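Shared between the two complexes below is chain A, which has chain B as its partner in the first and chain C in the second.
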Partner chain A sequence: MGRNRLRPTIGLTVLAVILIALPFILTRYYVDLTIVFFIYVLLAVSFRLITTTGDFSLAQVPLMGMGAYASALMSKHLGWSFWLTLPLAGLVSALVGLIMLYPLLRMKAFAFFIGSYAIGEALRLSWIRIGIFGSHRGISGISHPSVSIPGLSTISFAGALPYYFLTLAIVVLCLVILYLLDKSLITDTFKAIHSEESLVRSVGINVTIYRILAFEVATFFSGISGVLLAHYFGHIDPHQFNLTTGLYLLIWVVVGGYATFAGPIIGVAFFSVLGELMRPLGAWVPLVYGCILIITLLFLPEGLESLPGRIVPLVKKMGIRGRT
Partner chain B sequence: MELVLQTLINGIQLSTFYAMVAVGLSLVFGVAGIANLAHGELYMLGAYVVWLFYGLKGVNFIAAVLLAMLLIGGLGIIIERFIFKPLRGNVLGVAIISVGLLFIIQVLVGQIWGLGYPKRVDAPIMGALNIHGVYIGWQRVILIFAAILLLGLLWIFLQRTKLGRAIRASAEDSEAASLQGISMNRSAALAMGIGCALTGAAGALMSPINAVHPYMGHMPLLIALIVIIVGGVGNLKGTVLTSVLFGFLYTIITTFLDAVIANIASVLFMVLLLAIKPEGLAEHGT
Partner chain C sequence: MNILELKGLRKQFGGLVAVNDVDLDLKEGELRGLIGPNGSGKTTLFNLISGFLQPTKGKVIWRGKNITGKPVHSIVNEGIVRTFQLTTLLKDMTALQNVVIGCHLHMEMGLLEQVFGAARKREKEKALVKRAVDLLKNMGIEDVKDELTGALPHGYQRVLNIVITLACEPKLLLLDEPTTGLNPIETQQLMDRIKMLRDEKGLTIILVEHDMKAVMGNCEKISVMDFGKKIAEGSPEEVSKNEEVIEAYLGR
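Coming up: the complex of A and B.
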C-alpha cells in the first residue's frame, strides 16, 4: 500500500526535475518547441473535457484565437498588463463561447461537430472583415509580459528561458484545476451524459447545465492557451486559427485517446516528437497525420493510451505459450 | 436589366454546380450514414482527371468527363469498403476518419502535380453565348445542361429501376430493407459509387471554369453540408431545391456585397438551421 502511494509522488518529482532542467539542456530551438508543446497540451486537455460529454468541438481553435486577439487588443490599445489581460481574455473567450452555445446546445454528435465548425469559422472570418482585428495581416508587436517589483527592477519574460517557466507555471496550474475537475464527481456526470443520457435525465440531473459547464471551462482554458501563444510570438493572424489547426487538434486527441486525462497529453507529445522526426518530409506531414488517424480509428479506437492495456495481455499470452 | 440577367444566369450556374456536389453527398449520407468530409477532395480529383487527360493528353472532353466519373466512382467504392464500412452506423466516427482521407488526398495531389500556380484547362468550346447583351461562356451552358441530364438520369434510376428502389429502401429503413433481402453492403457501395461519380463529374465540368488546385474542394464541401442540412439528408428533391435557393443567395450577396460576407452569411445560416431543426441531419427518405 505504502509503496503504491509513494510511486506517483516519486514520478511527479522526477517529472518536475526534468521539466525544470529541460530548458538549460535544450537548444533555443527545442525550448521554443517545448513552449508550443505546453500551450497545445493545455488546448488539447480543454478540448478533451468537452468530449467527455460526447461533443466534439471544432470551434475550440477559433476560441483559442479569440483569447489571443482579446489579450493582444487589450494590451496594445488599452496598455493593460499581461497579468490582467490573461484572465480577462480567458473570460472573453468563455463569453463568446457562451453566445455560440446558444445554438450549439440544440445540436448533438455530428450536428454539433459541423455546427461548431460553422460558428467557429464565422468568428474567424469576422476577424478578417472587422478593421480592429487587422484583417489578413492580423496583429503584430504584442508586448512580452513583465513583472515590475516596486523600488527594485523589472523582470521581463521576453526571452525563451523566462517565457518557458512562465508558460510551464501557468499551464501546470491550469492542468491541476482541470485534473481536479476530472477527478471530481462532475466529470462522472459528464461521462454519464455521454453514455446514458436518458438515465441521467430521469434522476433529475440537468444535462444542459453540465454541457454548458464543460464547454465553458474548456473554452476559458482554450482562451488562456491563446493568450500564451500571442504574447510569445508577438504576432497573431486569422490563418493560424483555421480549420486545419482545428482538425490537427482533433487528430491529436483522437489518436492519443480521450477516455482519460492523460490521453490528449500523450497525443500532443506523440505528434510533437513525430513532427520533429518528420521535418525532412516537409509538405508530406499531413499525409502521415491522415494515415495515423485512419489506422488508429480502425485498429486502436481508444487511442494510444489504450496501447499498454492491449500489449501487456498479449505479451503475457505469448509468454505462457512460450513456456508450454 | 443586364445586371439582373447576369445575376440570374450566374445563379443558375452556381445552383446546378451545388446540386451535383450536394446530391452526391446527400445520397451517401442518406443511404449509408456516411458524412464524408473528403467529398470535396473527390470533387477536386474529378477536376484533376480532366486536366490530366483532356488538358495534357488531348483526350476528348466528354470522354475525359466520363473517365472522371468512372475513376472517382470506383475510388468511392474502394474507400467505402475499406475505410468507412468498419465504422458504419457511427456517423461522427466516419466523419472523423474521413478527415484523415482528406489530408491524404490533398497532400498526394499537391505533391504529385504541384502546389504552385493553379492549372488552367481550356474550355472545349471557346467563346460565349450572347443573350440580349449578356454573355455566358459555353462551358457554363454545358455545365448547366450536363448537370440537369445527370441528375435526371439519377432520378430515373432511383425511381424506375429495381436497383434504384433497393437503394431508396436502404435509405428509408435499412433493417426492413435487409429483411426483404436487400444487402446493405451493396446499397452502401452503390450509393457511394454514384454519389462520388456525380461529385467527380461536377469537378470535371467545373475544371475549365474554376482554376484547378489541391484546395479547390473546401468551398464545395461546405456548401454541400449546408445544403443537405437544409434540404434533409437523403432527400434528393429537397437537396436540389436548397441548392437552387443557396446558389441564388450566394450569387446575390457576392454581387452586391462581397465574398467574405457571403461566406459568413452562409455559415451563420447553417448554424441557424441546425439550431432550428437539428433533426434535419437524421431525416431519411427521398
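Coming up: the complex of A and C.
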C-alpha cells in the first residue's frame, strides 16, 4: 500500500524536475517546440473531454482560434493586460461555443462531427470577412505578457525561457482542473451518456445539460490554449486554425487513445517527437500520419495508451514459457 | 384518490395509431398488470407516461397535476420512473457504479463541489455509495456489486435494472417486461421482490408482462391492450373470461 502510494509521487517529482530542467538543456528551437507541445496538450485534453460524451468536435480548433483572436484584440485595441485577457478570452470562446451548441445539440454522432466542422469553418471564415480580425493577414504585434511589481521592476515573458515556464504553469493548472473533473462523478455521467443514453435519461439526468457542460468546459480551455499561442508568436491568422489542424488534433487523440486522461497527452507527445524525426520527409509527412492512423485503428483501436496493457501480459507469457 | 390518470391518451406515428385514446386510472399502492399481444402499444404507453415520447393528444394527470409533455428528467423528479424491455445497463461499469449514477438526483452536490470538493465531498460520496449498497442488498444482489455488469448473469442484470430505478426513489414504477428471459423460478423470485416493493415501500407499479402466469398470479387488476386500444380491465378472472381478450390472443 505504502509503496503503491509512493510510486506516483516519485514519478511526478521526476517529471517535475525534468520539465523544469528541460529548457536549460534544450536549444532555443526545441524550447519553442516544447512550448507549442504544451499548448496542444491542453487543446487535446479539452477535445477528449467532449469525446467522453460521445461527441467528436471539429470546431475545437476554430474555437481555440476564437480565444486567440479575442485575447489579441483585447490587448491590442483595449490595452488590457494578458492576465485579464487570458480568462476573458476563454470565456469568449465558451460563449461562442454556446451559440454553436444551439444547432449542434440537436445533432448526434456523425451529424455532430460534420455539423461542428461546418459551424467551426463558418466562424473561421468570418475572421477573413470581418475587418477587425485582419482578414487573411490576421493580427500581428500581439504583446508579450509581463508582470510589473510595484516599486520594483517589470518582468517580461517575451523570451522563450520565461514563456516556457509561463506556459508550463498555466497548462499544468488547467490540466489539474481537467484531471479533477475526470476523476469526479460528472465524468462517469458523461461516459454513461455515451454508452446508454436512454438509461441515463430514465433516471432523471438532464442529458442536454451534461452535453453542454462537457462542451463548454472543453471550449473554455481550448480558448485558453489559443491565448497562449497568440501571445507567444505575437501573430495569428485564420490559416493556423483550419481543417488540417483540426484533423491533426483528431489523429493525435485517436492514436493516443481517448478512453483515459493520459491518452491525448501520449498522442501529442508521440506525434511531436515523430514530427521532428520525419522533418526530412517534407511533403510526405501527412501520408505517414495517415498510415499511422490506419494502423492504430486496425491493431490498437484503444490507442497507444493501451499498448502497455497489451505488451505486459505478452511478455509475462513469454517469460513463463521461457522458464518451463 | 387516483394517483395517475390517463385521459384520452393518443400517439400517432404518421398513419399508424400506436396508442388510441386510452383512459386509465391507477390507485396509490396498486400493482397493475398491463398485457396485450406484441405491438399492441404497451411500451408506447410507457413512453408517453415517462416523457420519452410526446402524446399527439390527451393528458397525463399525476396526483392531480397535468404533466403531459414534460421532459423526462422533470417527470422522474415527480417520482415516475420506467425500465426498458431490453436490459439497459452501463456494461463497462460495476453494478455499484450503475446504481450510483441512478442516485444522481439525491447527490446534493454542486458541480464545483464535485470537482474541487475535498473532505465533505468524500463524506457525501461515501453516503451515496452506502445508499447504493443498501439498495442492492434490499433486492438481494449485493454480492455482485463490484462486478462489471456486462459479465453478470441475465437474471442479475434484470434485477439490477430495477435497483437502478429504485435509486431515483420512485413513487410510480413502470416495469417493461422485467422477467423476460428468466426461468419460472427466477420469475417468481422477481415477482416476490416486486410485490415486496409495493407492500413495504408503498410503491405503485404498472407491470407490462408476457408471462401470463406471473401477471395472473400477482396482480389484483389487469388492463388489456390490443391495436393501441384498451379493450378490457378487471380482476384476473374477469379478464381471462373476457371474449375480446380471448379473441385478441387466440384470434377469431
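To be clear about the criterion, the second predicted complex is superposed on the first by the 322 of 324 C-alpha atoms of A that agree within 3 Å, B and C clash if a C-alpha of one lies under 4 Å from a C-alpha of the other, contacts with A are read in each partner's own complex, and residues count from 1 in each chain.
Following the convention adopted for this analysis, a contact is a pair of C-beta atoms (placed from the backbone, for glycine too) under 8 Å apart; a residue touches a chain by one contact, two chains touch by 3 or more.
Just so you know, these numbers come straight off a predicted model, no measurement behind them.
> For A:I212, select first, second, both or neither according to whether it touches chain B, chain C, the two together, or no partner.
neither
> Mind working out whether A:S184 is in touch with chain B, chain C, both or neither, as first, second, both or neither?
It touches chain C, and chain B stays clear.
> For A:A192, decide between first (touching chain B), second (touching chain C), both and neither.
The second partner, chain C, only.
> Quick one: name whichever of chain B and chain C touches more residues of chain A.
B
> Who does A:L300 touch here: chain B (first), chain C (second), both, or neither?
It touches nothing on chain B or chain C.
> Enumerate the contact residues on chain B facing chain A in the complex.
35, 83, 86-87, 91-93, 95-97, 99-104, 106-108, 110-111, 115, 218, 225-226, 229, 260-261, 263-264, 267-268, 270-272, 274-275, 278, 280-281
> Would you tell me which residues of chain C are touching chain A in their complex?
The contact residues of chain C facing chain A are 50, 52, 71-73, 76-77, 81-84, 88-93, 97, 100-102, 104-105, 107, 109, 111, 114-116, 125, 164-165, 167-168.
> So in the complex, the part of chain A that touches chain C is made up of which residues?
Within the complex, chain A touches chain C at residues 177, 180-181, 184-186, 188-189, 191-192, 195-196, 198-206, 213.
> Which part of chain A faces chain B closely enough to touch in the complex?
Interface residues on the chain A side: 56, 102-104, 106-111, 113-115, 118-119, 121-122, 125-126, 128-129, 243, 247, 250-251, 254, 283-287, 289-294, 297-298.
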